[in-house]
């Protein structure tokens, strides 16, 4: 196996905010998202603990945000005018850590310490331990309200920084999400963009079966949010949607990103079993092979 | 002042479920609702404590339910196949107590003990103390989820009993309301009818100002509820809506009842100050006079 | 020391009005202070801040979980948010937010718990709060401060705002006797001796401090010298101070407007059992919900009368007598 | 008495599997039992009930407040709902529902708190639960039961279901040593002496009982006779039993997978301070959040090793020695 960060400078180049979304850029970011999945796979397989399915479904979203759209600076994680990302679906943090590491917030070779004793990479995000992590997560439901607080602070400060939050679709079951939505709409927080990783699966089954979410766009619209719907593994669509969201005035924006849970590994896709399932060695090898295959497709 | 229950049998006659909604019946129930307001006024004025505004706005709703639509039996408050009413906006319980007393659950002359030491009529509903009270309330937000649990139990028991819940519109701010709505929709609880006392005012201001609720029908529709909108002080509309709700299949029903907070006393209407305000003696007399005037209108 | 308290106690004055005024004062002193409420600013009196600093006031509606989470977002952006709602709602409805983001995540949010204890007396047990000390004490990194009178509110609120990390500031709804003179200078974390004595120590907090003083004054007529200590900080508890009182007086009584389980009484019991076992009587609500009614009647009916404190002090002293051979023998 | 526990302890066996099986058994015995989960039945193992009795199983999704409220509605209609989710979510996210409707309103709902203590070890502090005893103990009318091994789960669950009123049943996620023989017959509310001894008493609950036994067996090699008591019911606490142990052994240690604040240690401290002051050492998490890692490593690192219990017992005995003149003098 080859390390995906053999040449870290090149491999992890940032396309600064405003860069035109060329096909090459989209392909490069797509390829990286695929590589990051292999890290997540290794982390979870190595520790025999963690959540693969929901990490895989947000690979492209996190990659697009951290390597292009978010104005953050790994050298100054506390820079007060940085954009904020609230990673609300905390169980999927293996992907967040992977992306943060590749973005330079901490060494990539720290990733295998994930969930181990004395690690900075806790089972769920802990802001005081992990550079680049903005808020604690794990218990679901906090993302919108916390992000609304950040957006209010930005407005009070007269700052142009923008606030982003990534939610799971199962997470939408939680009442405090809707409280946060009402609050953000009341204050017309147009400096806030929420992205729902709409993969149709939660812990014990599909959302259809466990707690139906449809009609999802109608729900957010009725709560006075501006709704954008995209294909959440299509980096081009993600980049465009993030730009469009920045242009909306007078309303917070939600991007419903249709994704596939376990994306990239055929036997994991759309399966609740891989919400928190741990691969055995054969499954690990098979998954790795599929992921490498997928990544290669973007390289050509 | 004449006691409204001088002749309890006649004054508090029940129009059994299924009775045709004649004009006389509507007028009689409307008149009683007005009388019940005077009890609430006396209770709160007497104790210098309580919530008038939200009690007045649900007078007709409670009267229509208890004197016609609900299948309950004051002689057997524990009858297992009784309909259930979850009074979720517990702060307005002075009206609930008044209606329960007149319906025969306990003596009307117990009403003045409201909120006093050793009273069965607590500041907020306490099921173990007050005959006819189904669940505790006070902390807002519980109504829909508890009612959903009751509706699930009725279905498991194969019982035709129906479940009702009365919510405040400010109460809709609370996330657990939306959790309950999703649950009721998931299980297609068509034995459940929720009534929102949509008076446009919460504690510290109008809902528009404190936490906008519009577009209200769209919200409930997007949560897969059947929506009926009515004028919530029009007893005829209330009775008809309750009947229509019974006929809906496959979805829970919400009745958005447009009401006026403080209804019946001009200086209390639509004013947040009368959410929890206590009248002084002049205000008490003025309010009583207006209420009696209003009641008389129905008597002619 | 006696000079810290009024004799006789001052006439009743509104705690929440003092709080509202102190909040406005704080807003003037600190630009980073943001005040939030959940549609009860007319109850918790943060409306006074709203009136002066509307641009730094946020009403999230009847949504206490969001109240805390919005404050978390503000704190993580450098603000010092002071969230306001009923004490029971912080201690229960929004507790997960408090635990996860304040205590674990480290968000520098201050919680002002209005209507503490039985003080929302007419609204009844759903609105009363007798478990908040126990609940917040169990959370790592939480600080719990309970002012005893309006002056204490004014003196402690700026310290609460300046304290590093989350604080739960427990308030009373009603008018309560003014206890302190201007000489009172509380510091978060430190117990205060209000009346000296060596027959027994009464450790009290919040509005029960006034009743503890009355009990001591009444016992002094029988030549019993009760030490009265104010413990405005329930966590971190001032253990050294408590142990010293146990050593010097040999008998203790805790007095709080809270369940006798897990609050101030629990903290003192743990401290004694660990360091200096001694007779302790706990005055508070006896593990039951109260009811609706006038505030002072409820305090009396539910075990927190001056007489109950006097009787508890006498029981504690009798127990000390019975085990007198022990009182000064164990020090750790 | 010694016959109640295995020697040596049995090899580790899954607590949650035992719970799932016991739930199915309960469903067979009682038609009124309804089981609920909040999208974690694959974690809490109530999925085993779902598989057999799907018509009596309700999944409300990721909505713990609604989980409890739906259960309240079922209970008020005569069902015996057993609600399942992570312990921390009952103790925090859904706490207001528990307080208002179970403890105050009287709804006969049973809460099965999965992933108690540090047992959800890799998920980290947000998913661990070290405050649940303290929190639920502070609520009037709450009963708290903590089984110590798989057999205890099976023996206690039917009693939980039959108990009048709300119960919090705290479970462990992992495989734990089998402690008891079939002779073990726990009764809610009653402490159980597992090993007799008079040098000191260790009072333990939950999966720490096995470690307390190991500590006693290790000390017995030094001729120290540690009494080991299992306190599976944290509330109502068996005070008489605790006082008797204090009288008879003069030194106590509590051992729990919980903060040393407000839980079993807090209950015992309160009981002693009130009735029979005696040296007490409290073993548990030292008022801090833990971290991610292997379960047994966490228990050791955060203060709950067998060695820590042994050392605490020795400290307690030394304190007894130092104050030996007192040990039997005060009885109330």
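Chains: A, B, C and D, in written order; residue numbering restarts at 1 for each.
In this section, a contact is a pair of C-beta atoms (placed from the backbone, for glycine too) under 8 Å apart; a residue touches a chain by one contact, two chains touch by 3 or more.
In UniProt terms, the chains line up like this: A, B = Putative transketolase N-terminal section; C, D = Transketolase, C-terminal subunit.
These numbers were taken from a predicted model, which means no experiment stands behind them.
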{"item": "Chains contacting each of chain A and chain D, listed by label", "value": "B, C"}
{"item": "Separation of mean Cα positions, chain D and chain B [Å, integer]", "value": "42"}
{"item": "Chain centre separation in whole Å, for chain D relative to chain C (CA means)", "value": "30"}
{"item": "Of all residues in chain D, the ones touching two or more other chains", "value": "60-61, 63, 65-66, 88-89, 93, 96, 100, 104, 125-126"}
{"item": "Residues of chain B touching at least two other chains", "value": "126, 136, 138-139, 141, 173-176, 179, 182-183, 186, 211"}
{"item": "Category of the chain touch graph - line, ring, star, complete, other", "value": "complete"}
{"item": "Complex interface listing, chain A residues touching chain D", "value": "47, 49-50, 90-91, 115-119, 122-124, 126, 136-141, 170-171, 173-175, 202-205, 210-211, 272, 276"}
{"item": "Chain A residues within the chain B interface of the complex", "value": "173-179, 182-183, 185-186, 211-212, 215, 218-219, 221-224"}
{"item": "Residues of chain B touching chain D in the complex", "value": "80, 84, 86, 126-128, 134-136, 138-139, 141-142, 145-154, 156-157, 163, 175-176, 179-180, 182-183, 186-187"}
{"item": "Chain D residues touching chain C - in the complex, by the definition given at the top", "value": "88-89, 91-93, 95-96, 98-100, 103-104, 125-126, 130-131, 134-135, 137-141, 259-263, 265-270, 272-274, 277-282, 287-289, 319, 322-323, 325-326, 329-330, 332"}
{"item": "Residue ranges of chain C in contact with chain A within the complex", "value": "34, 55-56, 58, 60-61, 63, 65-66, 69-79, 81, 96-97, 100-101, 104-107"}
